[in-house]
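Both complexes below contain subunit A, partnered by subunit B and then by subunit C.
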Partner chain A sequence: METYLLETKQLTKVYRNNGSKVHALQEVDLAVKPGEMVAVMGPSGCGKSTLLHILGGLDNPTSGEVHINGQRLDKMSEAQRAVLRRKQVGFMFQAFNLIGNLSVGDNIELPALVAGLSVRQARKRRDALLEDLGISDKSRNIPAQLSGGERQRVALARALVNQPTILLADEPTGNLDSKTAYEVLRLLRQTHMQGQTILIVTNDPNVASLAQRVVFMRDGRIINETILQERDDTKTLLVELLNLEGG
Partner chain B sequence: MLVAVWRKLWADIKSHKLQFVLIASVLTLSAMLFTISLLVMGSAHEPWERIFEETNAPHIWISSHQYDLDFTPMIEHPEVSETTGGMAALANNPLMIEGEKRPVYLYAMDDPPQVAHPILAEGRWILSGVLDEIVLDYSFGHFYSLNVGDEIKVLAADGTRDLEVVGLAVTAHWFPYNEVTKDIAPAVGYLSQVTLEAIQPDMEQWYSVIGLRLKQPEISKEFIDRVYEAFPTQLTSAIEWQWVEQNATFANTINVMFMGLFSVLGLIAVGLIIFNTIGGQVLSQYQEIGLLKAAGFKPGQVTLLFLLEHLVVGLLAAVVGIGLGLMLAPGLISPLAENLNTPPPDIFAPGPLLIVFFLVESAIAIATLLPAWRGGKINTVQAITVGYQSQDYRVSGLAHLATRLCLPTVVSLGVKDTFSKPLRAAMSITGMVLTIVIVITSIEAQSTSKELAKNRVYDQGTSADMKVVRNFVPEEVIRNEILNHPDVTRFYTELPLFGQTPDYSEQPILFRLLSGAYQDFNFQLKEGRMIKAPGEAVVGYAVLDLLDAKIGNQVEFIIEGTLVELTIVGRYMESFNTGFVVLSNLETYKEKLGIEVQPLVYYLRLEDFTAAESLRSEWLTETKDLISIKIIKKEPPTSTAQLVDLITSLGLIMVVVTGANLMSTSLLSVRERSRDFGIQKALGLTPAQIGLSVIIGSITIAVISLLVGIAIGLLLMQEFIQQVGIQIGAGPDFFFIHWGYMMMLLPLVVLLAIASSLWPAYWSARLKVVDALRYE
Partner chain C sequence: MKNLFLALLARQPTHGYELMQMYEGMFSTVLPTLNAGQIYTTLSRMERDGLVRKSTIVQAHRPDKRVYALTEKGGEVLQAWFNEVLTGPRIKDNFYLKLMGAGLSGTVDPSQLIKNQRREYLQTLHNLNTLSLEPEMTENPSKLVLIQGAMLHLKADLEWLDLCEEMFNEGAR
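Right after this comes the complex of A and B.
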């Protein structure tokens, strides 16, 4: 039997809004292997973000199971899920969601400190990540003083600071123009190459082409799955482009 | 527009119920505090002067033990403008109250005269020619809970008579009767001439009294001298209005000063809190402002909409608050009014109520207009998309400090979040600082009046157990029966005399000339040492102040016409005669005079204090009730409790208002930060940690406010109480810091901070991450 890092069984989410029901997720079975990069695509409102939130323990499913690294997420209390998130899950959002009143450096350090690292360890990791992502000089700025691409790089650094089991990214390039988007994607790919397991939600086929596997959703269900080959046309094109950009 | 206002108001109420309830209650309580403060201020403002004017009080009271003295030369004197006409009076005639004899001046006043006409506060005036009715001084009546309709017994020549209290009246005739003055001066009552005759048929026992108003009140001193020349033997006393005023206002100086300070602080604090609450509310609606503009509202209209919305709320709150204030005010103010001997103020006077409306509405208007004006200027798109909050985020110095101190993450997050809006934090702190200053004011008011009460009568500054006044009983009787009694272990004696200094002849100074073992009675001195040898004096602060003298100086006094030179060796505190008091040795005076003078008062220490009651009755029987004996109780003295009660209750209301304000501010800021909380949760903070960070933010505000408040409060009080002390002649050393109370403030303030942030903390802890992040 193959071991999965992340696995859902018959995952279902129903929102109730004054009497009417929305089936945001319906019996979703999804499994992610260690080191894998999976893209989730589908039309707006099909339940992609809902899935991502439940996988990261931000929300509770109506029914079904979520296993992360062998632990049953759906059986946990909110506080237990929070504690699990600290080490296991890193998040990136379309809207960056940096904390506005903290400096870039503090934004990155915060999850490390929350996870119980010492101030010195947190600082070391922060500096390494800032270096890796090319934003060392922005450490003292506040998010409002950064460009969109820079903010998303800070968000990536923050997501990676605890070396999470899995990185969950919800349209991380949705708010960026194509040039900045490529830059962020290059960094995402770089972390993936270093062994990071990533699940990325996107509407952009170019972004999805970075992944080894693309999952298609509609009306809360997984309707299709494609394994991308290394020689896939779009994939090759994009990868080359990214390599070029990285110089 | 009105429809728009109504819709918006309704929508705001529905969407933020708690916020609305908080704002409404802050406004309501504020209006209530405004009302009470204004009423108190009105009633405490120079009460004696006001009553003096209103009763058309005389500048000089002249009394004679000759009941039929012809006052015509005075009435027709060119310096005199008006008089009361001659009145018959009985001096120190006791009323029986609660089994005790309370001396009262009784005046025959069938018709209140034009001059010195008392103001009826309750009941009616006595009916002319009707027997056994009495109108009592308002302060005296209230002090012993006597009401219109009560029967009281008066000591009469042939036993007692029952009088019916038909009215209570305010007068500037004499001192208000209260805790401070009751041991010093009798009260006054008014009855008909026939009642006076019934009480004391022997007219030889009567006094005749007249009150004179002068064309030039300043010359009262010279005028009295001339009157004495004209009536060399017939006059008993001539009392100037300044002296009455001094003694009347003595106890009230403190009340008036404290109330004045309190009202001013209260008004500022309440204004600030309204500003903070409403301003915060408007600032938090920047997004809404953008939306309204997008919907076609002009910037002016947006401002008007916000303004009208809050003014409507303010109007309703003011109505309720004034109603509550009017309900509470009489209970709070009446005791104070008794102490000041003013009738309780007319609480339904439209003036103060209109002022309250005006104050509340203008505080609201300013608090709305400033941020709304700023909001009207900001870019519509920006307002809609990002709201206001993301614009002025900055990392404050304090937040940096928190990071540098390596505080636990949750703590430093709480501190940072609180100070990411420096203006709001500053406003919250200022409001709370004022409240703490007010609480400290009330603590200090309490301790000051306690301290004053402790030093009020001088016998409580010594360790004597019993005070005996000889009256007309021969000295050797006292010596044999009392001083040589085996139960008396130690004693000293006193002869009280009035005198002046050669340079300030108009200021009467009380000399307590001591002899006996006074050294062993632990006189509580403020400075220097107790007198030892003849020629030394310990004086009250007012004497030092008057003479501009210091300890060690030699000064001259005139005691009953004799010039005496004394060296000041110490200072003590006594409230009587507003601190114009001197302790000296009886020998000094005897030497000067060359004749034997007898003491009048004896202070005793007993073998066994529990025997005091039985000794008292024994000695009273032996002297046929001719001497006066007072057992000096060692229990802590009662203070001017009314003032303390009033200030304390207002302080408590202030604390509630502050709590509501703190909660409202906290709720507003957690709402604004809901997205941040969502992110923090996504990063792995547990609900408990989020809630804790909110509470810690609130505690930080409270603790900073406490420290600043204590510093400001103590400095202010030190200065203020020194001024009070100097004003009442007690000296500048009234001020004590009650570290115990200050320590108690810390847990109280922290508790208040926790209580007011509990709901916001719960709200943010329960916040759904997904919802918070969707907020856009």
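Right after this comes the complex of A and C.
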């Protein structure tokens, strides 16, 4: 069991709204190994964000277990969960969740300071991430002055600043055009290549297909999964696939 | 291939070997590789059809150069290729009939077929996605755009499979 970085057992979430119940998650068993990039894919409303919020310690399950790095998240007090959130989990929200009146640089730096890094260390990591993600020149801007793609990059930098055990990304290219989405995917892949464990939830096949393993979700349940193989002879791939007519 | 050669020659008369190099440089990862024999066969066929003509460029300090040049007819054929609009959508769907057949036969679960097909499409999408993110792509936009086009088609195919699945699920209810 401890070979997994993240594991859920029979994870269930029921929302109760004035009398009516929504079964957002039903007995979900999911496991992610260190260094793996996994995508959970499913249609709108199938429970993806609910799953990610629970894994990130932002919400409580109704029943079931969540293990992160050997710790039982579902058994923790609110205070313990807050610590875990800061130290172990990087979260990219479906709707950025950047702080509107703080500069880009401060948005990235803040979680590091909250997690107890010195100002000097926090600044160092911030600058390295800004550089890595190609947004150094935006450091002093506020989020409202950025494009969607730039905001998404800030969100990624902020999620990575505490060098989390796992990066959780909710629809990381939602609302971005193809070109900007491509940039975000490039950054996610680069982050993964550097050894980062990543769990993405998405409805977008392009995003999901970046992963090594895709888990399909419907109506709060995992219905099956597929492992994607790496192919080393990409040279002939296009010739085979496209069957272009040279005219 | 013939039309691509015409397009290359429309720029300037070119030696057969240079033509091969230009072709290789631009299309080697996209089109099947050609050997010198295939290139010269194509060129001599084009010459026979009056699309290109061999001519000699006299060079001051080097031996004369034998080049292929576009003829007027060659130019017209090329222009006709450009003028011709591609008709019909770019779909070719062999899966639809198979899926309907599965539904009719009662011997196989259509949703299993959908599952297998989804797996296959996702794997191909993964291969293309990986390729599109390779560092060399930033210097090769014409190749990138081709890959991205193929990816958009696959994405549509995958979304369509979701619709098929929903249809069968609703029918089963």
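The criterion applied here is as follows: the second predicted complex is superposed on the first by the 228 of 247 C-alpha atoms of A that agree within 3 Å, B and C clash if a C-alpha of one lies under 4 Å from a C-alpha of the other, contacts with A are read in each partner's own complex, and residues count from 1 in each chain.
By our rule, contacts are C-beta pairs under 8 Å (C-beta built on N, C-alpha and C of every residue); 3 or more make two chains touch, one makes a residue touch a chain.
Since the model is a prediction, treat every value here as computed from it, not as a measurement.
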Mind working out whether A:91 is in touch with subunit B, subunit C, both or neither, as first, second, both or neither?
first
Name the contact category of A:128: first (subunit B only), second (subunit C only), both, or neither.
neither
For A:182, is the partner it touches subunit B (first), subunit C (second), both, or none of the two (neither)?
second
Going by the contact rule set out at the top, does A:103 touch subunit B (first), subunit C (second), both, or neither?
first
Which partner chains sit in contact with A:228 here, subunit B, subunit C, both or neither? Use first/second/both/neither.
second
Overlap of the subunit B and subunit C interfaces on subunit A comprises residues none
Can you name the residues of subunit A that touch subunit C in the complex?
43, 178, 182, 185-186, 189, 204-206, 208-211, 214, 224, 226, 228-231, 234-235, 237-239, 241-242, 244, 246-247
Contact set on subunit A toward subunit B in their complex
53, 56, 58-59, 78-79, 82-83, 85-86, 91, 93, 95, 97-103, 106, 110-111, 113-115, 119, 142, 144, 158
Per the contact definition, I'd like the list of subunit C residues that touch subunit A in the complex.
1-4, 27, 29-32, 81, 115, 118-119, 121-134, 143, 146-148, 150-152, 154-155, 158-159, 162
Quick check: in the complex, which residue numbers of subunit B touch subunit A?
389-391, 393-395, 399, 403, 406, 409, 413, 416-417, 420, 675-676, 678-689, 768-770, 773, 776
